Structures are given as C-alpha cells and as structure tokens.
Amino acid sequence: MQKDLKNSPLSPPSFVWTKGNVKEGKMNEWIIPIQEAVEIEPEEEWDVVMFGIPLSRSSISVSGASEFPDAFRRGWKGFSTYNLDEEVDLEELTVLDAGNVDMHFTDISLSHSNIVQSMENLTDKFPQSMITAIGGDHSITAMVVKGIKNAKKNETIGILQLDTHFDLRDLKDHGPTNGTPIRNLIESGTIEGTNVHNIGLHGFFNGKSLVESAKVYGVNYTTLSKARDQGVVNAVKRALETLGENVDHIHLTVDMDVLDIAYAPGVPASTPGGMTTHELFQAVFAAGLHEKVKSMDIVCLDPTKDHPAQPTVKAGIHVFLSFLSGFAKRKI
Amino acid sequence: MQKDLKNSPLSPPSFVWTKGNVKEGKMNEWIIPIQEAVEIEPEEEWDVVMFGIPLSRSSISVSGASEFPDAFRRGWKGFSTYNLDEEVDLEELTVLDAGNVDMHFTDISLSHSNIVQSMENLTDKFPQSMITAIGGDHSITAMVVKGIKNAKKNETIGILQLDTHFDLRDLKDHGPTNGTPIRNLIESGTIEGTNVHNIGLHGFFNGKSLVESAKVYGVNYTTLSKARDQGVVNAVKRALETLGENVDHIHLTVDMDVLDIAYAPGVPASTPGGMTTHELFQAVFAAGLHEKVKSMDIVCLDPTKDHPAQPTVKAGIHVFLSFLSGFAKRKI
Amino acid sequence: MQKDLKNSPLSPPSFVWTKGNVKEGKMNEWIIPIQEAVEIEPEEEWDVVMFGIPLSRSSISVSGASEFPDAFRRGWKGFSTYNLDEEVDLEELTVLDAGNVDMHFTDISLSHSNIVQSMENLTDKFPQSMITAIGGDHSITAMVVKGIKNAKKNETIGILQLDTHFDLRDLKDHGPTNGTPIRNLIESGTIEGTNVHNIGLHGFFNGKSLVESAKVYGVNYTTLSKARDQGVVNAVKRALETLGENVDHIHLTVDMDVLDIAYAPGVPASTPGGMTTHELFQAVFAAGLHEKVKSMDIVCLDPTKDHPAQPTVKAGIHVFLSFLSGFAKRKI
Amino acid sequence: MQKDLKNSPLSPPSFVWTKGNVKEGKMNEWIIPIQEAVEIEPEEEWDVVMFGIPLSRSSISVSGASEFPDAFRRGWKGFSTYNLDEEVDLEELTVLDAGNVDMHFTDISLSHSNIVQSMENLTDKFPQSMITAIGGDHSITAMVVKGIKNAKKNETIGILQLDTHFDLRDLKDHGPTNGTPIRNLIESGTIEGTNVHNIGLHGFFNGKSLVESAKVYGVNYTTLSKARDQGVVNAVKRALETLGENVDHIHLTVDMDVLDIAYAPGVPASTPGGMTTHELFQAVFAAGLHEKVKSMDIVCLDPTKDHPAQPTVKAGIHVFLSFLSGFAKRKI
Amino acid sequence: MQKDLKNSPLSPPSFVWTKGNVKEGKMNEWIIPIQEAVEIEPEEEWDVVMFGIPLSRSSISVSGASEFPDAFRRGWKGFSTYNLDEEVDLEELTVLDAGNVDMHFTDISLSHSNIVQSMENLTDKFPQSMITAIGGDHSITAMVVKGIKNAKKNETIGILQLDTHFDLRDLKDHGPTNGTPIRNLIESGTIEGTNVHNIGLHGFFNGKSLVESAKVYGVNYTTLSKARDQGVVNAVKRALETLGENVDHIHLTVDMDVLDIAYAPGVPASTPGGMTTHELFQAVFAAGLHEKVKSMDIVCLDPTKDHPAQPTVKAGIHVFLSFLSGFAKRKI
Amino acid sequence: MQKDLKNSPLSPPSFVWTKGNVKEGKMNEWIIPIQEAVEIEPEEEWDVVMFGIPLSRSSISVSGASEFPDAFRRGWKGFSTYNLDEEVDLEELTVLDAGNVDMHFTDISLSHSNIVQSMENLTDKFPQSMITAIGGDHSITAMVVKGIKNAKKNETIGILQLDTHFDLRDLKDHGPTNGTPIRNLIESGTIEGTNVHNIGLHGFFNGKSLVESAKVYGVNYTTLSKARDQGVVNAVKRALETLGENVDHIHLTVDMDVLDIAYAPGVPASTPGGMTTHELFQAVFAAGLHEKVKSMDIVCLDPTKDHPAQPTVKAGIHVFLSFLSGFAKRKI
C-alpha cells in the first residue's frame, strides 16, 4: 500500500508496536501501521485512516504540539478498545496508521502544502474511510480541509469546531498561524462562514474585533455558558443538524484548548472556565454518530507541557476513541 | 492492648503525634495510636479501628501505594474533625490506629497471608468496630475480605466497589495482583459474584473479556455515565439497598482511581472522565450511613505520584472522614 | 495624580507595560499605571481603581501570596477585555493601577496600618470608583474594610465572603493572621456579624469552635453543598439581597482557597471538594451586578505554589474580569 | 528534664519516631526527643543538643524555611549514623532533640526574643554540649548568638559563616530580616566584625554598598573563587585558625544558599556558581574538628521549594552529620 | 534467531524503531531488535548483546526501575554513535537487542529464576559477545552473575561495583532484594568476596553492620572520597588490575545511585555527595577497555522519578555508550 | 534615539522597570530601555547595547527560546551589578536595551532577514559598543554575524563557540535551523572555517558526518574533556590568542546547551557530561577580557523548560554579567 501513496509527502510512523507482544484488546494491537498494512488487510476495507501532522512552529505562542502524533501512538498501550457504556468493541473497525506528513524545519509554507497534498491523496485513496488527522497546531485544519476540498471538488464542506477561540485572526498579520484556520478557509473560498459552528467559546480570550469578524462572516457560535444551559451534547446535536442540512461533508475539529486548564494543562494556551472532559467526550461521541461527519482532527495538544501523569495526552486519545465509538454505532 | 494482638503480624505506627502539642479538634489529636491506647480507653469502646497495609509490589504497574498509610497519618494535621454540612463532630467517635501489617519485601504471598491474619484478628477482637484498612494496592481487598470471612464464617459478605475497573482479571496469569481481587474472592468462594456491585466504570480501561467475565460471574455494575443520569449518590443508595437485602455484611472498597485524573493524579493508573471528589465524598457518606456496611478500605493511592499540593492524599483522607460522618450519623 | 496620594504609603507598580507595543484589546493596554495616569485621564473618571497588597508574612501557613500583585500584572497579556457571553467590552471602563501598599519586612503591624491608611486615602480620593484590592493573604481584608469605614464613617458595611473558612479565629492567639479578618472586623466594631454572609464552606477545614463562634456572632453562612442544591449563583443572589437591605456598602472578599484543589493548586491551603472556577466566575459576576457592592478583594493566591501553566493566577485574573463584567452591566 | 526547661519558650517536637520500630543504626533511632529523654539518659551526658526554630516570616523574600525543622526530623529515616570515610559511628554521641522554639504568627519581635531566651536557657543547662539550631531563616543567627552571649557573658564569640551573602544589610530599612544577622550582632556589640569570616561569596548577589560595609566593620571574607584556588577545606581551616586565636567560642552558621542551585534548589534565593555539596560537607567536617567551634546553625533551607527527591533537605541533614563527624573525631 | 532462544523466558522488545525512518548515525538505527536480526546479520557476529530486565518489585523502597528498559530504548533517538574524544564510531560494533526477560507480577522468585535462565542461555549462545543487562533493580545482578556462572562453570568471576551501597544485607531478613546481590553471590558460592571491588561508597547510607560484613567477606572497597584523592578513573584502573589478576571474568555492575542527586534524581534512593556524570563516564570507559570485563549491567534507574528533561535516563544511556567506547577501543 | 533606529525592524521592550522603585545597585536600575534612553544619556556613550531576538520556531526540536529575552529582563531584579572577585562595579558601564527584533510568526526567512538588518543598523549606529544579542535559538548567530559583516565589510570575523554541538548541519536538508549557523556563515563566505574555534563538544551528540564536515571546513575544536585537561579557561585563552592573530573581530557565541543538564535543564537538548556553570562563567569572563571580542550572543535557553527555581535563566543572566566583567576590566 505504501506504493500507492509513494508520491505523497508522508513517512511511516517512526516506531511500531510488536503485535503479539501486547495485551489483547489494547489499542496498540488494533491499529495497523502502514508498513504492515498490505499483508494484513486489503486496502478497501479500512474503516478509519489516521495520520499525524507534527507541525507546531506555525503556532503563535510556543507549542510542542508537533510531539503529539508520537505521544498519541505511545499512549495506545494504556487504552482498551471496548466502550462500556455503548457495549461496542472498536476492534470491529479496521484502522490504518498512515504515518506522518513530512515537515520542513524552516519553510512552514512547504509543510503546509505537504499537508494539503497528503490529505488530498488520502481522501482520494480512501474515499469511504473516516480520515482523522492528529495535529499539530490549529493551522493544520485549514490545510486538511483544503485537501478534502481538492479531492471532493463538488462537495460543500461545513465545520463543527470545539474551541475556546474563533481562529478568525487576519492572515495579513502573520500568515497562516494557529489563530487563523477558519478565516483562511473562508477567505480561500473553501467553505462558507455560515457553514461553521463553534461551540466552547468562553472567558476573556477573544478580542472584540474577532467577535465582529465572526458576525461579518456569518460564523455561528454557541458559548460554553449558553451550551451548558441546554447541555453541551444537545448544543452539539443541534449544530450538527443545521450543518447537516446545508453541507455534504462535516469536518469536526477539536482544539484541545476547549478543555478547562484543570483537565488539560498540556495545551499552549490553557484557560480556566472551559469544558470538562466528560462534556467533551459526550460531544465528540455525538459528532461521531452523525452520518455527515466524514473527517476530523485533534489539535493544539502539547505533550511537553503536560503533567507527568499526562492528563491531556490521555484526554486526546480518549477523544479519538469516543468519536470512533459514535462512528461505530453509526455503522451498526 | 498490644499484648492481645501480639501474635498478629502487625507493628505499631512508626511515628506518633505528640498530643497536647497539636491543635485541638484536629485529626492528629483524635486518633489514638496503639502504643498509647491501653492507658486511654478500655478496648471495647473503639467505634473505629484503622490499620495500614503498606503493600504495592503486587501492583501490575509501578505503584507507591505502599507509602499511603504513612502519608495518611502525616496528613492528619490538615483536617479538623467537624462536618459542617451534617453538624457532626467526629470526635464523638473513638478511633484506634492499630499500626501497619508487617510486609515481606520479596515474598508477596507471605505479605498477603499476613493481611488475612491481621484482619481476622482485628475482626475477632473488635467485633463491634468499623474496621478500615488503608492500602496499599487493590490486591489487599481480597485479603481483607478473606480475613473477615475467617472471623465471621456464618455471615454472607457483599461488596460495594467504587472503581474504574472490574478487577476481574484471571489469577492464572500473574497471581493475585491489584487487577484480580473481586475474581479472587469469587473463585475462592468467599463471596458470590451477584453480591458485588461496581459503580464508577468509565472510558476505555476494561477490555471486552472483563465485561464478559462480569456477566459470567453475575457481578452487578453501573457505569459512571449511567450513575450520573440518576445522581451518583442515588446509584450508591440503590446498590446498597439491594446488597443489604442479600448479605449480612457489606464491605466498601474505594479504589481511588475511580476519580478523574484532574482530581487524583496520585494513583497508578489515573484516567480522564472519572468521578469528581464531590461525587465520591457523597457516595462514601451514603455508604457510611447504611447499617450493613461494616468494613471498608481505601486503595491504590500513590503519594509518590501526587502533585506537590497533594490533592490525592487529601482526597483520600477526606474519603475516610466523609465515610465516618455517615457512620457517625448512623449511630445517632 | 501621584501628588494627591503622596502622603499615602503606596508606591507605583515596579514595572509598566509599554503601550502601543502590546496587542489592542488586551488587559495590559487597558489598565493605566499611576505613573502614566495624569496625562491620560482626568482623575474623576476612573470607574475602577485597583491596587496591590504584597503581604503574606501574616499568613498562618507558609504563603507566597505577597507575589500575587505582580503576577497579576504580568498575567494581563493573556487576557482580552471582551466578555463574550454578556457582549460587553470592559474597555468601556477606565481602570487605574494605583500601585502597591508599602510593606515592612519585619513589622507586620506597620504593614497592616499602611493598608488601612491606603484604603482610606483611595476611598476618599475616588469616592465613586469601584476599589479592588489584590492581596496578599486574608489578614488584609480586615485592614481594607477598616480603611473604608474610616473614610465612610456613617455607612454600615456588610461582607459577602466566598471562602472555605470562617476566618473567625481568636486574635488573642496569634494576632491578626489570615485566619482572623472577620472576627477582627466584628470585635473592632467595624461591622456586625449579622452583616456577614459566607458562601463556600465545605469539608473538614473548620473546627467545631469556629462554628460556635459563627453562631455567637450571628455570622450567616451557606455551605457549598447547600449552595449547590439551589445553584451557587442563586445562593449568592439571595445573600446579596438580604445584605443589601441591611447595609449601605457591601464588600466582596474572595478567598481563592474557596476553589477546589483541582482548579486552584496555588493557594496556601488548597482542599478537595471546593468550588469549580465556573461556579466562582458566575458568583462574582452576580456580585458585580449588585449596586451596593462597592469594593472587593482577592486574597490567598500564592503564585509560587501554582502549576507551571498557572491555573490559579489565571483564575484570579478571571475573577477580576468576571466581577467587572457584572459591574459594567450595572452601569448600562 | 522538660521541667528544667519549663520556663523556656520551647515545645517538644510534634511527632516522635517509635523506637524499636525503625531500623537499627538509623538516625531516627539515635536522636532522643525531649519527651523521652529523662528516662533514658541523665542530662549531663548529652554530647549534642539540637532544637528547631520554625521562623521564616522574617525573610526578605518568600520563604518556607519554617518547615525545615520538621522536614529535618522526617528525613532521619533515610540516614545511618556511620561515617565510612572516618570509620566513626555517630551513635557514640548522645543527641537530644529539645523541640522547637515557640513562634508567634504576627509578632516577629516576640518570636525573636523567644529564640534568644531558648538559646540562653539551653546554653545554661547544657554548657558542655554542642548546641545546634535548625532554622528557620538567617535572621535567627543573630538571636542564637545573642542567647549564647547572654549565657556566656565573659566569652568572646567569633563566627564562621558559609554563605553566598554578607548579611550586612542595614537594620534601619526593614528590621532584623535574614539579610541582617551579622550587622545585627556587630551593632549590638555581641561580636566584633573582625571576628567574622565569611567563605562562599560569589556571583552578583551582593551590592557594592555591602562590600563597603564589610570593609567598615572589618568583616573577613574569602570568595568562593579564591577559596577554590587553595581548596575550600583549606580556606576553612585557615579561617578557623585565625578565629581560634582571637575568640573563645566560634559559632558556625551555614546558610544553605551557599550551595549551587544545581545542588540546592530548595533555598529562597538559589544561585548558580555556588559550592558543591562535596565542598560543603568537607568544610563543615573541618569546622566540627576545631575545638573552639561550640555551636552551629543551619538556615534558609526551604523544603517547600525543594524538588520531589528532596536534594536540599538531604543535603541539610548531611551537613549536620558531617559536622558531627568532625565533632566526634575531636572527642577521640 | 528467535528460534534458538525460544525456550528462554525472553520476549522481543515491545516496539521497534523503523529503520530508514530515523537519522543516520543515531542509536535507533544501529541496534537491531531480535525480531529483525536473522535477516540482517549472521548470529555469530554480534559484538554486543543487550537485553532488558523489567523488574523492580524486589526493591526495598518504591522503585519504577522496571520502566528503564523501555525508557532506554525510547531514548536512543537522542544519541549518535560517534565518540568525539576517542574518534571511534560505535557503528563498527554490531549490537543485538534480545528483548526483555519475562516477569511474573506476584512471584518474584519466578522472575528471578527467569533472569538466571536467560543470562545462561545468552551466554551459551553468544560466548564471544559483551552481554549487557539493562535493569531493573539491583537484585538482578545476583541473577545475572549466577546465569554467567551456570554457563561458564569453570571460570572464576569477579565484580567491579560502582555503587553508593555495599548491597550486603542479610537475605534472611527479606530475601533477595536490591540490598543483597553481593551477599547473595558470596553466600551462594558464585563468587568470592575478595573478588569484589566497590568504588563510590560515600555519605551516611551504609550502617556499621554492613561495613563489618564487608570486612568479614573480604569485600574490597574504595570510598568516593578516597577514589577522588587519586582520581576516580585511576581508582577504577587499579581495582581492575587486581581483579584481572585473580579472576577469569569481570562483571561490571553500575548502580546509578552512585551518582549525586544533582545529576541523577531518577533513582530510588538518590543522595547528595555522589559521583558526577563526568566521573562515572570515565570510570565505565576504563572498565570497557579492560579485556577481562566480559559483561555488565546498569541498575536502579527509575524513569518515573526523573525530571522532565530526563537527566538520569540520558546518563544511563551515556553509561552504556561510554562503556562500549572502551570496549570498541579494546578491539582495535 | 528611537528615531535613528526607526527604520530598523526593532520594537522597544514590552515592559520597563520603574526606576526609583527598584533597589539601588540592581540590574533593573542599571540597564536603560530605549524608550527612556534619549533623555538620559547621549547616544555615543553606550558601552554596551543589548537587544533580544525572540525566535525559536527555526529550532530543530521544540524550543521556547523565543521567551528568553523577556525572561532575561524579568530576571534582572535578582542580580546586583557588583563583581566581588574582580571588585568591579558594572554600573560604570552604560548599557542600552534596544528592544527586540520584530518577528513574523510563519515566515522564518523574513524573521531572519530582520535580524541581519537590525544587527547591521546597531553596528552602524554604535560602532564602539559591545553589542550583545539575547536569543532565540542558534540559527540567529548566522544572522547576527552577517549583520556585523554587512556593517564592517572590510573586517575579518572569527568565532569563539561554546557549544555541545558543531552546528555544521547541511542547510540543504531543512534550511537555516539552529543546527546550521556555522556552516551557514562559512558557505555564505561571511567567515572562514579556520577562524572558528569550538570549545565544549562532548558525549554522543554529534554524528560522524559532522566531525568530517568540521575537518573539511577546517573548523578548530577542543572537546570538553581535552579542555578540562588544561583547564577550560586556559583552553579559551589559547583559542582567543590564535583567533586574535587571524581576525579583526571575534564574535563569542554561547549556546547554553554547552552546560551539563544538572546545571541547565532549560535548554532544548540538555545533556549529561557538559560544563559546570563555574567553568562557563570563567570562560566568558576570559572572552570579555580579550580586546578583539566585539560582540556576543547567548542562545538556546528555553525558560519554559526550566525548573521552577530557574537555574538556567539565572545562569544565562550570569553569563552576561561575567562576560561584561571581563569587558569592564579590559577598559580599565
């Protein structure tokens, strides 16, 4: 299979778990690295394709989010594949680890175009798969969605964004940083502002001018306070319903800084007053259930800032599993 | 009193607080170490007997839970004995610190049998007291309950388990680790699987085979998500009600890893999505109120992994006090 | 303006943000240090006056709360002035930073009288402004309120206290520590005990004798558990309503240790089972809305104990902004 | 024995190690708390008397050095009494733990006079013993030496100071802080400046005016750089030789901030470029050997700032043992 | 090759680095995991065979040294294979990673016999290779050397021990803990006490009775202080010279706790006053050079206690490389 | 003065210390920010000009070295200006803080050219001043030296590099990262390889190909081990002597990763076996003394990775002061 992707700017994961040497029913036995993929499963059968985007030098503040793809893989051994509440075993889904997008150390623009290219290639090759990107900082979301658009030119794309920030900063100031992806996608014509719904805004972390931009572009938003009034999961369901009526493909982007600093110290700009992990896990499960959600990313998780017990890395892996639990239920 | 227990594999606590030198109304003035016990209170009057079990080399993953009994005692100076919500002063209860069970450093089996023996002796000697064991890892629960059974051969015992895990792993794999106590008790005929109720399971931390084991053995469980739908404290009350109809003696076992990693970083396998301390304190208060709850343990709290401010050690002490608040109310 | 305060024991802040060099809409552009104040705004227009009280050697346990005023100022660059939920831009309020009260390193009594004097002078000079004191340990609250009383001799003062503790310890034991401010104010005749309402008490952190003192003095209190039964914000509103009927001036004092240790590790005596930041932010917003709340303080926040990501410092700044959001709405 | 000291402002240690329950040859079996002292050893036989001074609110910067006396005692279980290099077993020395000086929480002046009184009483009662004070911040050294002087009015006292700082700040600025003890002793006439020798000064941590004060008072000093040129231990020996010719009693004061920050993070003002622990242990061993060294203190060790592995607390205990090793050799 | 070792209680490493995906000249490209070994190199050509021993439940104090073998492998990506001072490229040595010894979670005795068996098998199969064991706690050294003895029954074995402790505790107390390996080997007749040389003892961390045991058994030792007088590396050379005259096979055992706590916080019993890494690297290089040194181990390195920057894990890997640099020079 | 530099891509520091409000003789009273410079000192009199370069997104591994310029300024309050060993008061030198170079968040190339431009402008404007650049990662050194060359076209420039690495990586791989500055300067013709002398290389942190590059380019180097044989300071003096004979202008570049990880955890790639701070301070003092050393930089210090006590930030400030001590002595 690596042959088919050989022109893509992707490299296989830098280490692989030894199958047979890990406990049955654990994540690290379940997910198949691309090096071992051909022999095990015919390619058309991948329910899920994940890949890493180790880029965070495009972050406004210091970020080690580039370390998350590998921290994500290392953390697999601590998780089983079984969802107790839904009585679903995720082992029923086939998951491919397509490796990491190649990054250049000083040419951010080249790194960005490698992401667009990789996502386009993966979408072309795995049109039926749920493709999940493991960031990386939030600048990658613009590239991931552009890659989808390149592959699916006739589809309209919407975005469900779980985030503390609008990410609508002006690209003229400092280019495509992690503060700009939504504006980048709107200004480039990839999406309509009205097809974005942000849930999770709170506190004093968005200036007035950004709120005004949101209004200009028609970006929808529900602050965390307002979402809690109806239940976060209900707010998510309503947003998906509306988006689902208007677009062909919903991309879910989870900025881990939507979580409260007590739950997620390992993000570049952690804040008090954010979501609990319980709320976030329920929200992404709901997104996984919705049939138009066809891709997702997890961004701005910096393992180098995490506590020794790694609450944020564990929360990031849990988000992936909760989302796939919804996706697995959808398929039943 | 030490004489009566002199054949027990128990040693007095390695340090004692100087009475008169600590603030009135503090825990360290209240609890009486066994060295000082004879002179102060006739033995039949102990409402509560606590003892430490400094064993964690039986833990699957690295654990410093063996350090909790002493951390527990050192932490007493930060707590008063007065419960504001219930307007109960725990000083009305007499509490004996019977010291720690003797441990062998390389013969885990001997350490385990010392626990059984100590619990049997304490139950024999203090038949009217609430006996609380301060672990140690979860393997000790099997030994503690076997000790009770040895002392009370004609009583049926049930277990209320607050835990992220089933603890139903197969003993044939690695012997009586902290992943096995419930299975150990069922397989040894000490309890019936149907007399166990687990509240707090969540996330992706129990493989499918463990859920299947739970069904085979008839172990009851309420996931945290389901418990929250009705209120955790209500779930606890219902479980106690049913257990109370079926058994003579309910043992409460609190695995501190039931708490969310944001509240309890100091456990060997902390996870996101768990209980809040508020929920746990209410749950153990409810257990303390129930007349058939006659013993309890607190396990898998690793002070060496805790944050400098010691949130988990403090939570562990608070669990002890919240439980005894219920117990004190029961007696009124 | 410094001239008018020149006999006050106050010094300007030790560093100032370079205006024009910071992002528009950020706190550090908004708040004006006293050094730069004369040229910018005529003095009568200050809606808010804040000042720091870098004193914590009066704390019972080791405390670095003296470092909070400067940590507070350094943290400004991480916050915007816009409140998303209320759609209020705090930039509409003018805010003066009057610097720090001068402290003596070994004469705590002199430091305390400097606080009284400074608060009296500020209240005299800015009678229409919301004056906010950034502590410091809780001993300062007694001094701040005495300063108000000196300036407003004919007004009756009440206190809304958000705290884990009563702060009613006997001054005869160790003088005016952070365990005594409420008793200090009552015994000195500055306030009536019946005009104090404490919300947030929980756990085992107040001895029985303190509860008895509260009853003797008529201090009102709602434990956190009881407050949660009705919603913390509702409990706050009810307390304000009653206080508002009985006094001319309500002082809000926020002891940051009212927060749960998971949210606020950076306090000298952090405890499990406390408020979430969400609850506290809503509580102080409600207080900001009430017309009789005319001054406030934030105390017992120790940045030297905080986690590297500084959750507690960020929470302290957020408390200030949430409170001012209520205040801004009040003025509309 | 407590009776004889009953008018002293001293309280027994707040906890005691259970003899017989700790390993033979460990520090916690060796040192006798005052509560247990009468029955064990007649009082005239104490070779060493140690006591704690839990005061650090007199420190210029935030300090938790008040926590060191108890951290010192808790750390005993990690140390044996045998010195391998000298083949000396310190168990041959009898050591009394006389408890802690009583402290007032807001009246620093009273705390200071309690120290003077306690040291005077101990020196009176144990005229042949090596008395060691466990601080506390460096302000205590002035009080300890004044206590000695009160008890030994006719003796001239000299000081060997191992320190990064001169401690010659002007008392008129902020009273007797930890920056002032040497000046305090000189100005009060307790000692002559020429009978002080400071070894360890380095870096950019003493302003020019302090060097000028040293010259005015005739205080001798050897910077660390100069000391290293000849070997730190040789510099110490030479300083002792000269002091020994001029005074009757040499007091050794060890400010733990003399250590490099890599070795001692747990001091209020840790700096790069300081001593290694190896150098310090050799220095205090040499001091212990000198017959005129008759008292010592260890100050400015803040356990609350230490790393989790407690390098500084361990270094502090090691200083005590290395010093006593020299003292034990002296007696042979 | 795995076939030949298939009856050994060894499992392949649980993850492998993707060759070709890592930078040339890095450790993780150089060392070959056993899974990939057959195809790459004929087995007789392995210069070095390393394997992991993830055991630390036999440690007296809490230890996560069981995590070091995997931390060791993860750390490879930070090291090149080139020694600048010696101008040697270690890539000239072929190195096999034979995986980890299988461990039982509650039967320490079985784990110990698995180590003996594995070392015997590896020594049989790779008689010309330098076999290096990556611990684990120090109890493993007794097992490793017994395995060698089983395979080389006619050879006399000596030990160069770099350690803060004698490790001569009585096995009757608590069995074969990490405090006993040298005594274990002597009492079992595997080695003579006179063929052991310990370098690095310091401080107050060995009781008098242990020194007496050393004398009874004829164990040679040079304290760190004495070693420094002549240069640590010279002390090592002299010890090797004498050992080399008396034995056929010298085993080097490096207890990482020989390092000073400033350099190695990540050991279970870190102490002040120990070796610098510079001294240790030179010492093991000298050992690598000596022709009779035919095996080695690195023990008591606990990555779970290390600082975030992982100084101790890095020092452990560096010890391995410094030792192999000597070994490579020996072969030239 | 800002006018003269107004076309430079430089902004004033974002905060300034309030003169008169800080202690006399402290660094923060001494150094003059550019905003305040015109009024205080005529421009020709600046002995030293410092400026910050907050760039680290060009670092190979995650780096927060961009935060050092501001951490450097914040740390000033902990340092006096007096050098005890040399009896020099640095206040005799006039020092200007010219602010920070403007950085672009996603166009690293633009940031790099801003550095070249700023250094050229500063060199033009202050031809007699010692210009010191506070990085940032090591990529900035290439830009700083190019800026000097632009301003001093006829001068030959040499480099004294204190570093664990060669920094000779190929620019074709990833552009001008922090692994390339020396190669960048050689390949661009700015300097000759033979005019570079690297002191401090050690361990296994440079691949064989880099050593080969050093030989090809004629780069001189003395490993730390070799330097220690003669004394690090002597090695530095010899290198300066030779460089001084061959070039007009020596630039000193201090990569803080030359320090041992025990002394400097706060660098992106901290390693064991490096320099002590004592060695480094002596080395830069010697460099400051040499008349041809006319500029310097300090790089790769990441305050976000530092321990709470900030050993690395303090060491970085100390390097600046030690270097200027030599410079001050040169002028006498």
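Letters A, B, C, D, E and F name the chains as they come in the text, with residue numbers starting at 1 for each one.
By our rule, a residue touches a chain if its C-beta (ideal position, glycine included) is under 8 Å from a C-beta of that chain, and two chains touch if they have at least 3 such contacts.
Just so you know, these numbers come straight off a predicted model, no measurement behind them.
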Listed chain pair A-F, B-D or D-F that repeats interface A-B [over half of contact pairs the same by residue number]: D-F
Winner on C-beta contact pairs when B-D is weighed against D-E: D-E
Centre-to-centre distance between subunit E and subunit A (centres being mean Cα positions), rounded to whole Å: 43
Inter-chain centre distance, subunit A versus subunit C - centres from mean C-alpha coordinates, in Å: 40
Geometric centre distance via CA averages, subunit E-subunit C, whole Å: 58
Residue numbers of subunit A (touch at least two other chains): 262, 305, 307-308
Complex interface listing, subunit A residues touching subunit B: 23-27, 78-85, 87, 89, 91, 262-263, 277-278, 281, 307-309, 311, 314-315, 318, 321
Subunit D partner contacts - residues on subunit B that touch it in the complex: 11-18, 21-22, 35, 74, 77, 304, 308
Parts of subunit A lying in touch with subunit C, wherever the complex brings them together: 201-209, 211, 223, 225-226, 260-262, 265, 269-273, 305, 307
Residue numbers on subunit B that touch subunit E, as the complex places them: 56-58, 60, 62-64, 66-67, 104-109, 139, 173-177, 304-305
